[in-house]
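Let me give you the structure first, and then I'll get to my questions.
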Amino acid sequence: MSSSFGTVFKVTTFGESHGLGVGAVVDGCPPRLFLSEADIQLQLDRRRPGQSDLTTPRQEHDQVTILSGVENGRTLGTPISLIVANKDQRARDYKKMLSVPRPSHADYTYQMKYGIRATGGGGRASARETIGRVAAGAIAAKILNEIYNIEIVAWVSAVGLIEAAELYTDTINHKLVDRTAVRCPDMEAAEKMAEEIRRVKKERDSIGGIITCICRNVPPGFGEPVFDKMEAKLAQAMLSIPAAKGFEIGSGFSGASMRGSEHNDSFVLKKDHLGTRTNNSGGVQGGISNGEPVFFKVAFKPTSTIGKPQTTADFNGQEVVLKASGRHDPCVVPRAVPIVESMAALVIADMALRHNSRK
Amino acid sequence: MSSSFGTVFKVTTFGESHGLGVGAVVDGCPPRLFLSEADIQLQLDRRRPGQSDLTTPRQEHDQVTILSGVENGRTLGTPISLIVANKDQRARDYKKMLSVPRPSHADYTYQMKYGIRATGGGGRASARETIGRVAAGAIAAKILNEIYNIEIVAWVSAVGLIEAAELYTDTINHKLVDRTAVRCPDMEAAEKMAEEIRRVKKERDSIGGIITCICRNVPPGFGEPVFDKMEAKLAQAMLSIPAAKGFEIGSGFSGASMRGSEHNDSFVLKKDHLGTRTNNSGGVQGGISNGEPVFFKVAFKPTSTIGKPQTTADFNGQEVVLKASGRHDPCVVPRAVPIVESMAALVIADMALRHNSRK
Amino acid sequence: MSSSFGTVFKVTTFGESHGLGVGAVVDGCPPRLFLSEADIQLQLDRRRPGQSDLTTPRQEHDQVTILSGVENGRTLGTPISLIVANKDQRARDYKKMLSVPRPSHADYTYQMKYGIRATGGGGRASARETIGRVAAGAIAAKILNEIYNIEIVAWVSAVGLIEAAELYTDTINHKLVDRTAVRCPDMEAAEKMAEEIRRVKKERDSIGGIITCICRNVPPGFGEPVFDKMEAKLAQAMLSIPAAKGFEIGSGFSGASMRGSEHNDSFVLKKDHLGTRTNNSGGVQGGISNGEPVFFKVAFKPTSTIGKPQTTADFNGQEVVLKASGRHDPCVVPRAVPIVESMAALVIADMALRHNSRK
Amino acid sequence: MSSSFGTVFKVTTFGESHGLGVGAVVDGCPPRLFLSEADIQLQLDRRRPGQSDLTTPRQEHDQVTILSGVENGRTLGTPISLIVANKDQRARDYKKMLSVPRPSHADYTYQMKYGIRATGGGGRASARETIGRVAAGAIAAKILNEIYNIEIVAWVSAVGLIEAAELYTDTINHKLVDRTAVRCPDMEAAEKMAEEIRRVKKERDSIGGIITCICRNVPPGFGEPVFDKMEAKLAQAMLSIPAAKGFEIGSGFSGASMRGSEHNDSFVLKKDHLGTRTNNSGGVQGGISNGEPVFFKVAFKPTSTIGKPQTTADFNGQEVVLKASGRHDPCVVPRAVPIVESMAALVIADMALRHNSRK
């Protein structure tokens, strides 16, 4: 296990899906910042199950409590501990799966690594683990916004084969993203995505998707080459999210088929500073932010838990047919939007503090 | 700067392109392993410039010296320091660029971050920085091979729009990869790729590409959730390589458009252990290796240095036309193959040791 | 703030004296170990205030709850989170001190570092912070005992000028230590120490003391030179305890006046392995355990909070006379015994796992 | 092995006594600082053997080369690699000891930990390992001096039973310390110490000693509670030095016998800021510097290598008589003075940068 992330702004998360609770400790947060549970609850509510008919019907209210590190609404500079109690445990749904490792879940690998695993649901590999990240990320995002005016906005840019129009503009914000339950600001695409999700849900199947994220007003200079380049830590952060299978920054995989003369972002004077005409770099060069928006995409696989029968093997190698009866998201991306934003905030906050240390 | 990577098996690299030398310190290497400079030189030779007409004509012999940590051909358990002297410096090629930040290079961002930058070439952002990684990675690969029989093989799977056939088989090895200068084992594609590289070279342009990597015989259990999942650390490692823009494991971005019933890797008895029928997961589930081959792809942008004239701005915002006169690779992927392998080896070696600590 | 300790076996603590609670997250604990709240409560009870007339009359019951990482009485390999609610807050005792930094407390330095500080009591600098360490240390101690049969026993060896006889033997254990409230196994000295503590208490003053600790059955090979030598990490661990001012291992400061011929621990065959005739080294050589008992001493200053009037200055530099009215320990060492043991256990558990990783 | 120290200002050392060389990589050094090899050489020359008749007659010139991280005399912000070649190896002196672990050396523990050890001399446990620390520390000290005007001065305050007068004043500096070969600024005591060292040398024995260190002008606010308190990291740093057996800050062990009313450092207005009347705290409160001088002592045991015959056992447990024939220091403290200063500088530089990150 490695449940800590960050060098100076550091988060440690804990909790299984069916224990007493989940949460996080944020160490290294700057002092004297205004912070309340409401600041954190906002993002937790965007992450929680049961928000719409596109997500699992499980209702988890996920109320956060700040145990330490804040007094009279301001951070003390000391570790901020955040707790969310587990309520809707429904361990019974998972009982029958104990002898059968669910395909593309972590049952098999946890059992092989630890020689034991949580009996209820995904345990530590459950999506509930991300509550700690989202709570911590909300703090990071608030700091970045207050000190640097940095805005981090993610949205669903693809569900299955349905892609949103390239909406990479200055206008996207949380409000526009949250207009639809699917969290895609392209209203036309959003409708098709919702239909697709409903379709796979009815078929007791699931579907993957892509999230795009943009971070505006990141000042030049953030990122710590050579191993903690901005894009490298973003990649780690994103691939650590359950179900994430791919990451690309700027041109990404499409950059692989481009010519240098086409891909290079030439410089141009923008008001009082140098900017670039294009942003194939995705806001980073040599691992360091260049002042242009940092933007990247994250690919998510279809939810592993499906109601459709699957022919697989139990731990003894015996062939069995598995049919999940729990209530699960047919598509993870609508609820993964705040998770992607939170992980981005954690990366950039740590980069900001690390950069400041040597200024 | 953050020049260290790994928790237990830890590498620290150093060096600019035009200083006295580059290198690495490998700390935490298990003792009593056979190790010689020849073991390391092999991969350095695959990385060095001047190997063929597809790479830069610069000749850098990059001879490695082991300064410490090895005695009588065996590791002592103490830090292994590796040094490669810089020889062909040709600082003159870069002089004229001092006042003009090269588009999509790190000149601008290093200047903004540090308020100073190396006058010769890319400095720390130069591809020479990867020598330390390759040298350290060769040690990691040797350990993994000797202790676990792990084999790590990477190859060029795309140059521009030319893609290799899906060669994901047990037969690919270093020898097959190195049959062509472009390092693509699909001979037909390799020829087209070489032509494409020669074409862009003649046009004083550059082209991007994709590298695929497979790691065989990784035992189940490697990877440290939740933040140091196998795929998360691989993603960080790969995105820390100069010019990398994307990473995907298993199904990757294509997984985003798949159904769960299609994507799930169901279990099946393979000899004496559970395996999976398909490997859309890319050998990892929940961040932990599952015994299937770990495989992933890395996208590289076209080389930023091109001979073609580029309209850009100098540090003062004045428009200028820039024409690079140095000798550079028209396509980075053939030489990036051993870099990808080395970074994979560093990740997996650290995972192996971390897993052992708690067995 | 840096609230994490350890590389593989890693603890993160949190909590101020007057917030909702204090606690710890233990990450990297081996799986499948038996663990219950009772295992942890034992050491917390030895640490808690109100145990005898020698300690503060404040009653804090400090009941621990395990939130995660344990199921059906066994560790899962996932982070173990431990929470203790704050009950007896009595913030009123401290109110009047807000404008006056208490001499030799952390009021001034926290204010200077963070520009803010907890209004109630010592905040993060309070001795309540050590609850997280003791809870985590109890887990580490259990592991060390079960896997290696390692026993860690600390006791009070001096209070003021009263020293215990050199009791460095195989017979000291928790039971013998806990026979007296002062936690000194030399009954005669213990009585004098208790008298001394009662005397300074009556005088509204405080007194310092020394704790000795012995760790038996530490196998040879633990310790990670050169910076994480066993004695170096023990020294860090001990000096991180509130009120600690000194650390010595083996001969310690008395070794400075010895001759090499007298100080050297010569080898001798002990049963089936090499041991040493003397143990001036304190069980470590070159930073690595040698199989002999690891033993060390920690010096604690007198409690800073005293009832006696003190002439000092307020934050504006105005001279004031300060008289503490809270209820505090006249001597910290009796209650610091389990803290010293816990920190030693955290160090050795991390060393054990780190050593295993490369065996 | 753990050869890295520091979180933001980070040093990694490498090298055995009889390999090709020793050195260090300093990562995280602020950019644009003036730095030359001469800045570093000064402290290396104070550390090197053969300086006087009080140290070993071995002549090691220990010329440092900067391989990277500095251009045109200024730091680039990139890793600074420092190399010192090994010249006078004299491996023959040690050959006969191979089968016999030297008492109180690290031969036995390295062999037990790694199953192998360097055949020449102390290998990684040799005092030559400290060259990397001293070189890195010289950089840290320069930064601290230039940015904060911090001065770090250490001196020999005891050799055997001979103690220097308490010279804790503002006047001690490197020049006064270096007036005598023994590095004690109390001229009378220095003479007696030199006599004592010559005496034990003639008797082919060795003697321990104590070094005191003072760090002036450390601003309030440095130190990262709770585990990386200033005194905790200083303690780790000092106990990681070969032959160190004890550390105390401020009152240290003598504080254990003091009353609170006597020990408390009451505040008083000093010019424009709060200071303390006394400094029993040694410049730190709650793990954070308070603006008063940081001062501490380090106890060193007598050199383990002595010419006097010692009855001990070989690796097989056979009793043997060992007589060292190499040339060694009869007392380590004169040469350990720059090592103590260097380690203090590394600690404080890291604390300074970490503090800045969250200001």
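Labels A, B, C and D are assigned to the chains in the order they are written; within every chain, residues are numbered from 1.
One rule holds in what follows: a contact is a pair of C-beta atoms (placed from the backbone, for glycine too) under 8 Å apart; a residue touches a chain by one contact, two chains touch by 3 or more.
In this text the structure is predicted, and so the values were computed from the model without any measurement.
J.: By the touch rule set out at the top, what is the minimum number of steps from subunit A to subunit C?
T.: The fewest steps needed to get from subunit A to subunit C is 1.
J.: Compute the centre of every chain as the mean of its C-alpha atoms, then state which one is farthest from the centre of subunit B.
T.: C
J.: Find the geometric centre of each of subunit B and subunit C from their Cα atoms only, then give the gap between the two centres in Å, rounded to an integer.
T.: 46
J.: Could you please state the distance in Å, as a whole number, between where the Cα atoms of subunit B are centred and where those of subunit D are centred?
T.: Computed from C-alpha means, the inter-chain centre distance equals 39 Å.
J.: Rounded to the nearest whole Å, what is the centre-to-centre distance of subunit C and subunit D, using the mean of the C-alpha atoms as each centre?
T.: It comes to 26 Å between the two C-alpha centres.
J.: Mind pulling the residue numbers of subunit D that touch at least two other chains?
T.: Expected reply: 1-4, 7, 13, 28, 31, 77, 110, 113, 124, 354.
J.: Flag every residue of subunit C that touches subunit D in the complex, lowest number first.
T.: 1-5, 7, 13, 101, 103-106, 108-110, 112-113, 122, 124-125, 129, 158, 160-161, 200, 205-210, 220-221, 223-229, 231-240, 242, 244-253, 255-269, 274, 276, 280-282, 284-291, 299-306, 308, 310-313, 315, 317, 319, 354-355
J.: Touching residues of subunit D toward subunit A in the complex: what are they?
T.: Residues in contact with subunit A: 7-8, 28-31, 77, 353-354, 356-359.
J.: Touching subunit B in the complex: which residues of subunit D?
T.: Contacts found on subunit D: 1-4, 10, 12-16, 19-23, 25, 27-28, 31-32, 65-72, 74-81, 83, 110, 113-119, 123-124.
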